[in-house]
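I have a structure here, written as structure tokens, and I will follow up with some questions on it.
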Amino acid sequence: MTALVRRVLAYAALTVMAALVLVPFAWMLSSSLKRDNEVFTVPIQWIPNELRWSNFVDIWERIPLLTYLGNSMFLSVTITVLQVLSGSFAAYGFSKVRFPGRDALFLAYIATIAVPWQAYMVPQYIMMQKADLTNTHLAIILLQAFGAFGVFLMRQYYMSIPDELCEAARIDGLSEYGIYRRIMLPLSKPALASLALLTFVNTWNDYMGPFIYLTDNDLWTVQLGLRSFIGQYDAEYAMMMTGATLSVLPILAVFLLGQRYFIQGIATSGLKG
Amino acid sequence: MAQVITRPAPAAPRARPRGRRAWRDILVGWSFILPNFAGFLLFTIIPMLTAFALAFLKWDSYSDPEWVGLDNFARMLGDENFHVALRNTLFYAAGHIPLTLAAALGLAIALNRKLRGVPFFRTAAFFPYITSLVAVAVVWNMLFNPTAGPINQVLEAIGVSQPPRWVASKDWAMPAVVITSVWRDMGYYMVLYLAGLQTIPKEYYEAARVDGANAWQRFWGITVPSLRPTTFFVAVMLTIQSFKVLDLIVVMTDGGPGRSTLVLAQLVYREGITEGRFGYSSAIALVLFLIVLTVTVVQFRINERRSAS
Amino acid sequence: MISSDISASAAGRRPVLRTLAAVAALSLAATACGGSKDDAGGDGGNVTLSVTVWNMGKTPEFKALFDAFEAANPGIKVKPVDILADDYADKVTTMLAGGDDTDVITMKNVTDYSRYSSRGQLTELTDLAKAPEAAQLAGLDAFDVGGKYYALPYRQDFWLLYYNKKLFDQAGAKYPGTLTWDEYVKLAQQLTKDTGGKKVYGTYQHTWRSVVQAIAAAQTGGDQLGGEYSFFADQYAVALGLQKAGATLDFGTASAQKSDYKTMFETGATAMLPMGTWYIANLLSGKAEGKIDVDWAIAPMPQRPGATGVTTFGSPTAFAVNKKAEHADAAKKFVQFAAGKAGAEALSGIGVVPAFKSPEITEAYFKLKGMPADETSKKAFEPDKVVLEMPVSDKTSDVDTILKEEHELIMVGEKSAADGIRSMSERVKSEVLN
């Protein structure tokens, strides 16, 4: 009986949490089915007067959403792949190879995350302008693919993998690259999945970077497309929320894909060997 | 395999002979780091150093820069906006870091089990992070509404006679922002904790259960120590993110009412891009960087001491 | 061209720091003096003129102007550089810092203009501003920087009072003429009602500080950059009185829940709405498309007691030529065109209020389908005096920030109007004017 009660309680608690967490999303969803001038009513009107499903059709005609989705997808996937590869590779150097200055370098590395981008945005832009890279996707990729975040995350994960494992592999004659490839990568799937997920989401939702660097309309990302509904003095809020709802879908897909790896046992099964 | 290996003497790695082996380690180490580091150096560190250099200049983004020495820092001492923003940022960090850490860990543990529907709840917990910021701001501001908002209605129902006026008050706007941001970020850090939880061998728990440890003892005896690398990562990242918080505040209160939620990153932005005082803006950014660097170094020290013990 | 003290300082006490600074200065300055290409537009051949705009798709005035200009100048094609309205100034600032050679830069407001012109990023257009045709440009004064001009306005919006006729009829109230502020407050209270759970406010005062401060400055002759703000007091009494009487949505709720003036007016949640003329084009097109169902008209802004004539405030929007423009001559041609009669015709055809004033243009404007035709509306459209929303100087945006912050504190009730006005004066004097 206790097991049953426990289970019911657990579900009740989880359901309450889910409701708390989903309220703003519900607002977004409800707004996406309204007219523009019905979105910001005071008090909030949760159920629209009429459900305007046509918003979800109209938006494809109002803005080249397909192009924007394609650009966002291209940038997010490319940056995620580069970040995961270069980040986990560097993390191995920072965690399993000992050399002088390693820790100081590492510390400096992550401290740079603390500098707000707005502080060095203009010098960076001038540099990119001189290299003739502004208004290209390459600019965004170069700026975001090599970050300290991925290195830090992967390093912490590798720290929790016992050194003995590497030593054993070294004795078995594996090179450091072999250890990284054959032992560390397979063992760190949960961390790789979470890094990939978080990088993907951050790139997908990034607004300021693409805004500053991408000028031509056919290079724009979804987030820029959504903001294009805001005018000088007014905005089409329903369209924005329609677009925001649509732009959540790819993230959801990636999340559902990635969270398969958060199942207890994968990492440990490797360790037991 | 792992069990068979005997632990090498702790001093062994450091006692490695100098010379060829050491050079080999340096080369190998750098070969791992370089692909990331080269890109990072070129596209982030160099512009960043340029910005730091600007802290000693007066520059409007167009005319020739002018050397002003420490003027920008002297100005900061007398700048009321800087003092307010610094105080607000520290307040925000003090609330946001521990609360988010606890919430994220709690969520991760609650959702790290094989229960039907767990993928749904995990996804739900991540939703705040991917919901449009405008939606977050509008709905939370509605919840915080001083007269008609549900939060104050609950507070009144449980006997709080004068509930706070939240975002319409200069003292309670920041707590409101902190609560909203904890709610928003917990799912993000939960993902990191979920990954960390996968590294704890199940056998630890089984052994503890055999020894008769209850859930509470297992949590403090096994989960918390095993998660130390993840907690360290989460704590450092939370610190960094808290000190440069910007997005949510801009959408939720835009620094107001008055300057009650003005934070450092917003000041950096305003002074630089908006007002064209790039030198002063960079100086503030440099100070922000130094504060975070100091805190991070302390966190590193504590972490080293803990893992050594 | 690097100022000498930097090169000298490289050998100073902190060599590393100073060298770094010098390198930064060099690399930044090198961009600054990268000269502009010579104008290729002289040969009359095919020129593609680039113009920064915000939200091309949502701002029909740009397309109207470009089409008209291209038709009048066969050799020139216009290529819009589309930038999001929200952070338009940030992107333009960054682009110009990088040495961008876009030809025409649109000045979204006069504050941005003062910034770009003071940094020397714009080409001087004084000759165009002194041309006879420019005498008819409303709002041209705003662009006078010590006798020199670097931009010409093409659009001039000003504030008036919109009202919902149906809500007036229901309340049995007479349509407003030129009200005094007291009459406005009384009318707002009379129009406020709460029937069947749906609250109708008598008026909606949007959260922008100009709704209180700019109108006070315009009608009392006060200077918003002066550091002395007692002239705001009467207007705060009006705003707080409305709020206390429940005749307008309270400020805290409006700003927290991002209340939208369009929503308030178009859903019949407010009977009156002081707002800028840009909203007219919106109402016209919304009604034509069947999205809006409001029977509206306009009246002049309420006035202070004993005022002679109608005084309101407004703000012009202008085109300027980039100092590094690739096609400077064609760019000047475009600026002149947009600010002239032909540009005004194109603008008024879609309901936008052009800066170029002439009786024919106004007449044509009121012939647009859906425009209210009553005398009061026409009178509202021709105020006697339009004062610039916020004076232009290098202090403008700093003062603006302080006035906004204190405005919020007064409106949410954290400070009394008197205290707020006092700290505005203190802060502006100590933080900006010192």
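Here the chain labels run A, B and C in written order, and each chain numbers its own residues starting at 1.
The rule is short, and it goes like this: a residue touches a chain if its C-beta (ideal position, glycine included) is under 8 Å from a C-beta of that chain, and two chains touch if they have at least 3 such contacts.
Everything quoted here is computed from the prediction, not taken from an experiment.
Participant: If you count the contact pairs for each chain pair, which pair has the most?
Facilitator: Ranked by C-beta contact count, first place goes to A-B.
Participant: Looking at CA centres, what chain is most distant from subunit B?
Facilitator: For subunit B, the chain whose C-alpha mean is farthest off is C.
Participant: Using the average of all C-alpha atoms in each chain as its centre, how far is it in Å between subunit A and subunit B?
Facilitator: Here subunit A and subunit B have centroids separated by 16 Å.
Participant: So the centre of each chain is just the mean of its C-alpha atoms; given that, what is the distance between subunit B and subunit C in Å?
Facilitator: 38
Participant: Where the centres are mean C-alpha positions, what is the separation of subunit A from subunit C, in Å?
Facilitator: 37
Participant: So which stretches of subunit C touch two or more other chains?
Facilitator: Residues 24, 27-28, 90, 93-94, 97, 253, 257-258.
Participant: What are the residue numbers in subunit B that touch two or more other chains?
Facilitator: Those would be 50, 54, 61, 134, 138, 142, 273.
Participant: Could you pull out the residues of subunit A that touch at least 2 other chains?
Facilitator: In subunit A, residues 40, 44, 121-123, 127, 237 touch at least two other chains, as defined above.
Participant: Could you list, by residue number, the parts of subunit C that touch subunit A in their complex?
Facilitator: For subunit C paired with subunit A, touching residues are 24, 27-28, 31, 54-55, 57-59, 81-87, 90-91, 93-94, 97-100, 108, 249, 253-254, 257-260, 262-263, 266-267, 269, 276, 278-279, 282, 291-292.
Participant: Spell out the residues on subunit A that touch subunit B in their complex, using ranges where they run on.
Facilitator: Interface residues on the subunit A side: 7, 10-11, 13-14, 17-18, 20-25, 27-28, 31, 40, 43-44, 85-87, 89-90, 92-94, 97-100, 102, 105, 107, 109-116, 118-124, 127, 142-143, 145-153, 156-157, 159-162, 164-165, 167-168, 176, 180, 190-191, 193-194, 197-198, 201, 205, 237, 240-241, 244, 248, 251-252, 255-256, 259, 261-268, 271-273.
Participant: Under the stated contact criterion, what part of subunit C meets subunit B in this complex?
Facilitator: 1-3, 5-6, 9, 17-18, 20-21, 23-25, 27-29, 32, 89-90, 93-94, 96-97, 115, 119-121, 252-253, 255-258, 397-398, 401, 404-406, 408-409, 412-414, 427, 431
Participant: What residues on subunit B touch subunit A, complex-wise?
Facilitator: 1-2, 5, 7-8, 13-14, 16, 22, 25-26, 28-40, 42-48, 50-51, 54, 61, 107, 110-112, 114-115, 117, 119-132, 134-136, 138-140, 142-143, 148, 183, 187-188, 191-192, 194-203, 226, 229-230, 232-233, 236-237, 240, 243-244, 246, 264-265, 268-269, 272-273, 278, 281-282, 284-285, 288-289, 292-293, 296-297, 300
Participant: Going by the contact rule at the top, pick out the subunit B residues touching subunit C in the complex.
Facilitator: Where subunit B meets subunit C, its residues are 49-50, 52-54, 56-57, 59-67, 79-81, 134, 137-138, 141-142, 144-146, 165, 167-170, 253, 255-259, 270, 273-276.
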